[in-house]
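First chain written, first letter: the chains are A, B, C and D, and each begins at residue 1.
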Amino acid sequence: MVKVTVWNEYRHEKKDEAVAKVYPKGIHSQIASFLTEAGIDTTTATLDEPEHGLTEAVLAETDVLIWWGHIAHQEVSDEIVNRVQKRVLEGMGLIVLHSGHMSKIFMKLMGTSCDLKWREAEEKERLWVIDPSPPIADGIGEYIDLDVEEMYGEHFDVPNPDELIFVGWYEGGNVFRSGMTYKRGSGKIFYFQPGHETYPTYYNKDIQKVIINGVKWAEPTKRNYPVYGHSKALEEIKPK
Amino acid sequence: MVKVTVWNEYRHEKKDEAVAKVYPKGIHSQIASFLTEAGIDTTTATLDEPEHGLTEAVLAETDVLIWWGHIAHQEVSDEIVNRVQKRVLEGMGLIVLHSGHMSKIFMKLMGTSCDLKWREAEEKERLWVIDPSPPIADGIGEYIDLDVEEMYGEHFDVPNPDELIFVGWYEGGNVFRSGMTYKRGSGKIFYFQPGHETYPTYYNKDIQKVIINGVKWAEPTKRNYPVYGHSKALEEIKPK
Amino acid sequence: MVKVTVWNEYRHEKKDEAVAKVYPKGIHSQIASFLTEAGIDTTTATLDEPEHGLTEAVLAETDVLIWWGHIAHQEVSDEIVNRVQKRVLEGMGLIVLHSGHMSKIFMKLMGTSCDLKWREAEEKERLWVIDPSPPIADGIGEYIDLDVEEMYGEHFDVPNPDELIFVGWYEGGNVFRSGMTYKRGSGKIFYFQPGHETYPTYYNKDIQKVIINGVKWAEPTKRNYPVYGHSKALEEIKPK
Amino acid sequence: MVKVTVWNEYRHEKKDEAVAKVYPKGIHSQIASFLTEAGIDTTTATLDEPEHGLTEAVLAETDVLIWWGHIAHQEVSDEIVNRVQKRVLEGMGLIVLHSGHMSKIFMKLMGTSCDLKWREAEEKERLWVIDPSPPIADGIGEYIDLDVEEMYGEHFDVPNPDELIFVGWYEGGNVFRSGMTYKRGSGKIFYFQPGHETYPTYYNKDIQKVIINGVKWAEPTKRNYPVYGHSKALEEIKPK
């Protein structure tokens, strides 16, 4: 069975009443809750735990890591970021949510600024399914409507994705590539835009379904990590 | 007219007689020489110059940067690497040659280990054109034969490219994605595998043609760098 | 110099006064007019000419073909469609505009239904530039605003493009991949959504710039068409 | 449980003794045999059955269709080809094997000539895994060695794939993109090159594993087929 660790910086919830009201036990607990209900073996980790809760032992046991961060990206230690990147390249899945777009780990894996336009304006978002075949959109209708969500707008400075699954339409006139997948090394990465801390996005059943689908999709294959370095000839080389 | 800076770590040539014999004035001078002959405005820069020859002023004037490095990747300062990355995201083209696959700048832009298999065994390589339409393969036949080249073999740990233009066949039984393009931010990147320091690869007319084509392809478009950050609504948002 | 043929079914303009008012000499003439002004060698062809104006001789001389059709897709003969496809695979560029999405030639090259949602409702469209590096968006700002355009909405049943350059935002709540490029054989294809027959879209300077850029991008490279079929061994094969 | 139909033109086996010796009950029976052993619900269909064994009822019950054809591509009726294409666009998976590259159904879905170089010369092929993360390569080592296989060589005239999973190295000096995936409509397509009729390729355990993985990957998601056509506004459109 796939093993998930939900990582959250868990700061907004402690100091902002509006956020605490929506996620009293933290965003990570709410995500872990619907994953557990879906029968997925889920634990959580947060920034202020030793090694941010992401010890070698924890990562070795993690098939898919979910990442939510925002105001404290710079407090994540480079050592842990390198450790997570290594595990992703070895095959661990990674789901980056919302403001995680500027987390150190996502920027490191993308190689770009990961910058975008944004606006908090209580506006409607409609996430259209652009690619009907990937398992990540399994069971989702033509679109998902969110009454309010933070606007994230193009241009989003990330590499062209392997799959573009959702495009967001915003009331205020912007669009955004809201669901995209990438492969890096042996690992699968899914970026999914919804989830502003003051809105109840992770209680939405469709949003939950997409994240559950994402976990299943990102599960590592049973392959050995590729062998690099000096390599003997497999065929005879003629003297020149 | 497109302005090119050819960067070379320029170490092999100074201490290894076999390399000095092939490239007496350095790999960068040979590359600059055929680019200049092709009418391209070309200068060079090397590791041991102040700021590795890549000052803000030099980069501001560079449309396309060509990169050759190998034994001294770690001596390139992080500050200069960040400066080059910023310029690529703003639109400067980047052509990474051969062992530049593990340069700091390429690894930073790819987000992966960029590792591969390798072998120096005086073996033949044949570079097949896999995609006949990109301008980078303009004027090239069905393949390019190199009597001897260092083997670089799969798996090559890089993101899926935007375009796969060449696949290398090696006498010793390996294959390699030898010519690939990427877009990062507003910049275009071309990785091209041939060019081991002890072989006269950069005297080969077809290899020269591919690099000249690459320079023209990687030239920046005349666009403003995208605007990021807080953004006002373009359409009216209804009170919820 | 690149040679363009602008093909138009030229039926709406003859029987619908509202269209004739916008395009008195036909959509093809308006497109040819701004291409010619831009210094491009341009001719036109229409459905009711012999061989639809697309004789072997005309196509042999055409570097880039532009296609506008709508109500008479089924009147285009299969023989001409096969002829055009053959030329695209050999390297001729193809720009398919607006309702050309369901032309025989586009459907044949895509292999899918090319179906979509649509609505004529006098609504605003905003075309966001999603990929800032391709030459097709050269000189365009962050987006193009069209006061009125026909809504084309996702899901658009086409293969994943090689490049997604524009995404359209519609007042009525939809999104659309409005500018996409494909490579088929040695030919480059650009689909560009704006251009409903009752709106003055092809008088818009930004729309004109995109089509001019598209023509330059789609120009064939100077390569031989690849050789297929039985092929002798290039290396010795050992008896088994 | 996923339901597979293995389609084979089943002509070589009846008239060529060398083929009959390798596949006495037909290629389809051998493929069905290892799929059944893997617990997959498998049936077969062949060219000479009524409607080529691909009635509406059969296709409606098929989750993944496997296709092997060679000398009788032209005998497959266009009506059946259209029927299969429709089902693929609606979500049915399709695995095209070896010489199926020039079957009507594959050419129709690709939109290109699907042509390639070929040679029957009793030569070795080594299929390198190029992309280590897709489930199709699950359980496969760094490469698969085939003592003898027909050479299929680049340039292979197909669209750029969504995933390039295998690249074949041939003793005679060629390379080939031997395993590629595509999405068309709601359906997933996997082209896999090995399987010349005179060689025992489909008895190879790794080749079998790849095809079994391919079947699981190509299984349709539980989505409704997208809705196309006229579509009402989801948001208010202001009078212009």
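Keep this in mind: contacts are C-beta pairs under 8 Å (C-beta built on N, C-alpha and C of every residue); 3 or more make two chains touch, one makes a residue touch a chain.
The structure displayed is predicted, hence computed values, not measured ones.
**Q** Counting hops between chains that touch, how far apart are subunit B and subunit D?
**A** Contact-graph shortest path, subunit B to subunit D, evaluates to 1.
**Q** Identify the chains in contact with subunit A as well as subunit B, in label order.
**A** Chains that touch both subunit A and subunit B, as defined above, are C, D.
**Q** With centres defined by CA atoms only, which chain is the most remote from subunit B?
**A** Relative to subunit B, the chain with the farthest C-alpha centre is D.
**Q** Centre to centre, by mean C-alpha position, how many angstrom separate subunit B and subunit C?
**A** Centre-to-centre distance between subunit B and subunit C: 32 Å.
**Q** Indicate the whole-number Å distance between the mean C-alpha point of subunit A and the mean C-alpha point of subunit C.
**A** 36
**Q** Mark out which residues of subunit A touch at least two other chains, giving numbers and ranges.
**A** In subunit A, 126, 129, 131-132, 142, 153, 155, 160, 162-163, 171, 173-174, 183, 185, 226-227, 234-235 touch at least two other chains.
**Q** Residues of subunit C touching subunit B in their complex?
**A** 91, 126, 129, 131-135, 137-142, 162-163, 171, 183, 185-188, 221-227, 234-235
**Q** So in the complex, the part of subunit A that touches subunit C is made up of which residues?
**A** So the residues of subunit A touching subunit C come out as 126, 128-132, 142, 153-155, 160, 163-164, 167-170, 173-175, 177.
**Q** Could you please specify the touching residues of subunit A with respect to subunit B in the complex?
**A** Subunit A residues touching subunit B: 85, 89, 108-113, 115-119, 121-124, 147-148, 151, 153, 155, 157, 159-160, 162, 171-174, 182-185, 226-235, 237-240.
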